[in-house]
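Chains: A, B and C, in written order; residue numbering restarts at 1 for each.
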Amino acid sequence: MQYDSKTPIYMQVIDAIKLDIINERIKTGEKLPSSRDLAVQYTINPNTAARVYQELEREGVCYTKRGMGTFVTEDESKIKECRHEMAHGCLEEFLKCISELGISKDEAIEMIKTTK
Amino acid sequence: MGALIKYEFRKSWKMKGLVLCFTAFFELLFLFGAWKLSDDLLAASITGLVLTTICGLFLIGVYGIHVLSKDINTKQSYMLFMTPNNSYKILGAKVIENCGSVLISGIFFTVLAILDIMLLTIRYEDFKGVMELLSVVVTGDVATLNYQTFGMACFDGVMSWVYLICLGFLAVVLCATVLKGNKFNGLLSFVAFLVISVVVNNIHDAIYGDLYIYSMSRLVSNIGFYALLTLVFYLITAWIMDNKLSV
Amino acid sequence: MLESFEVTKKFLGKTAVDGVSIKLEPGHIYAMLGPNGSGKTTWMKMAAGLIKPTSGVIKYKDEPVGVRSRREIAYMSTEPYFYDWMTVGDVGKYYQDFFDDFSMEAFEEMLQEMDLEKKLKCKELSSGMLAKLKVAVTMARDAKVYMLDEPLNGIDLLARDEVLNAIIRHAGEDKVLLVSSHLVEELESVVDYAIFINKSHLAGVYEVEELRQNQCISLADKYREVYGAAEMGGAC
């Protein structure tokens, strides 16, 4: 995975995992790799991998069963919330770019409608 | 220490095997000649055996010095110096393996020579003349030669070679440490080698005189002298490695 | 765990390392970065107890490094150093003969992962295979400190991934990993701290995620900044 240079790596990995969950590449309730394996999978520092799970857990996207590992939440509403948040992030990014180009929100909406 | 010695042997066993093969070849030739009472074969095989002995002992020693040089001057140095062994152990393994090889080969060749001479005295009735000639060559004295003295004289020669090998180790280490960066470090360390060996020779002659009179006690003290030198040069070399060597 | 106090090394009047003080703690992977010839290798060799500092001291567990610390500090030099006659298997046996913490099973496992045959002769290995072998045999030790000098030098992309995987797998709470490179991007995601060495001096120690979080710049940006190229970075 390529990491962009401005945001912390752990946040980029979190987003990647959330995206996988939203797209159901990772199912609800599914066991996630150990943080060591996660580190290998994403070629990241093991401490960063541990932090990824800490954050995901804090947000309620994942939970840890003692001695069993980390699992994706079974709470669908939580996942919906994630999708909503990520969509908002994308929108914000998009609007920022658009306004830098001097295009208004309405013009942008028009463009979206006409773009195939 | 055992592992170090093992790998020192691993580095040079091919060369040693080759020396052994040559020896075996000439020895077979010799036995065949003695069986057939063929003077030509005997002459050729004895020449071969003497040459193999001298060249073999020389090569084993020089090769040991070459290996040390490689072990401290090339990237292979990590192989030894990354292990949890100090310079005394690393060099000690080399001294034991190399000088041990020379000593064992020396004893082996000496025993072989004695056995061969014994065989000849049995096969040839008029062998006494040859023995006396040999006696003159080895000891400079017709009256004194017996197998024991002959053996000791050979051992003495081998010991003086062992000390020279250790001196060679010292020269190689000097070249890679104290003289490092000097354009003439190779030459200078060789000069140091020559000077020290000449000095040692003079000390030796001052103590023992330069007459080749071989008595048992003289031989024993002579061997002690070289053994002491070997130890001294080993300690100096290891100390320099420990304090000055950068690999 | 491994600490360098004002360490200086001079070779024939040239200063290779000048007054470097750093402290490495277990549980982290450190990158040692800097251009070629900046003194990274010399510092590592001193920490490995292969050469002695001209002044200053490097301590492992509060004792100067030396023959004893080599039992727990695994060092891998950047140049190949195995004997010509060795096969891949011989290299493993050699390590087993000299290091109590070496595990033949771990070594064989890594050989399998990296697609290396035990019968292969070291002399005939490609540079990528040799680099993998060096890492495999070094990481098969259960050491407390691993120092890998330029493990990614001159190897292809796939070998690079395998080497990085081995590094990540062997990091642990009680271990220090130090990996040097003259290429920043290769190591950025893997390490948590980067030690910059410039012209034999310490040019700073940076935490990768902290740089991104608080300064919105990557390690590579910081590298450019420290080593004097164009200023990079920007607002969060």
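FYI, a residue touches a chain if its C-beta (ideal position, glycine included) is under 8 Å from a C-beta of that chain, and two chains touch if they have at least 3 such contacts.
These numbers come from a predicted model, not from an experiment.
Visitor: Would you kindly say which chain has the C-alpha centre located farthest from the C-alpha centre of chain C?
Guide: Looking at centroid distances, B is the chain farthest away.
Visitor: Can you name the chain whose C-alpha mean lies closest to the mean of all the C-alpha atoms?
Guide: Minimum centroid-to-centroid distance belongs to C.
Visitor: Hey, how far is the Cα centre of chain A from the one of chain C, in Å?
Guide: 32
Visitor: Which integer distance in Å separates the CA centroid of chain A from that of chain B?
Guide: A distance of 74 Å separates the two centres.
Visitor: So the centre of each chain is just the mean of its C-alpha atoms; given that, what is the distance between chain B and chain C in Å?
Guide: 43
Visitor: Taking the touch rule as given, give the residues of chain C at its contact with chain A in the complex, in rising order.
Guide: 27-29, 161, 164-165, 168-169, 171, 188-192, 208-209, 212-213, 216-218, 220-221, 234, 236
Visitor: Mind pulling up the chain C residues that touch chain B in the complex?
Guide: Listed in rising order, the residues are 11-12, 45, 48, 50-52, 67-68, 70-71, 75, 77, 79-83, 85, 94, 97-99.
Visitor: Spell out the residues on chain A that touch chain C in their complex, using ranges where they run on.
Guide: Going through chain A, the ones touching chain C are 3, 5-10, 36, 39-40, 42-48, 51.
Visitor: Which bits of chain B are touching chain C when the two form their complex?
Guide: Checking each residue of chain B against chain C gives 3, 6-7, 10-11, 75-79, 81-86, 180-181, 243, 246-247.
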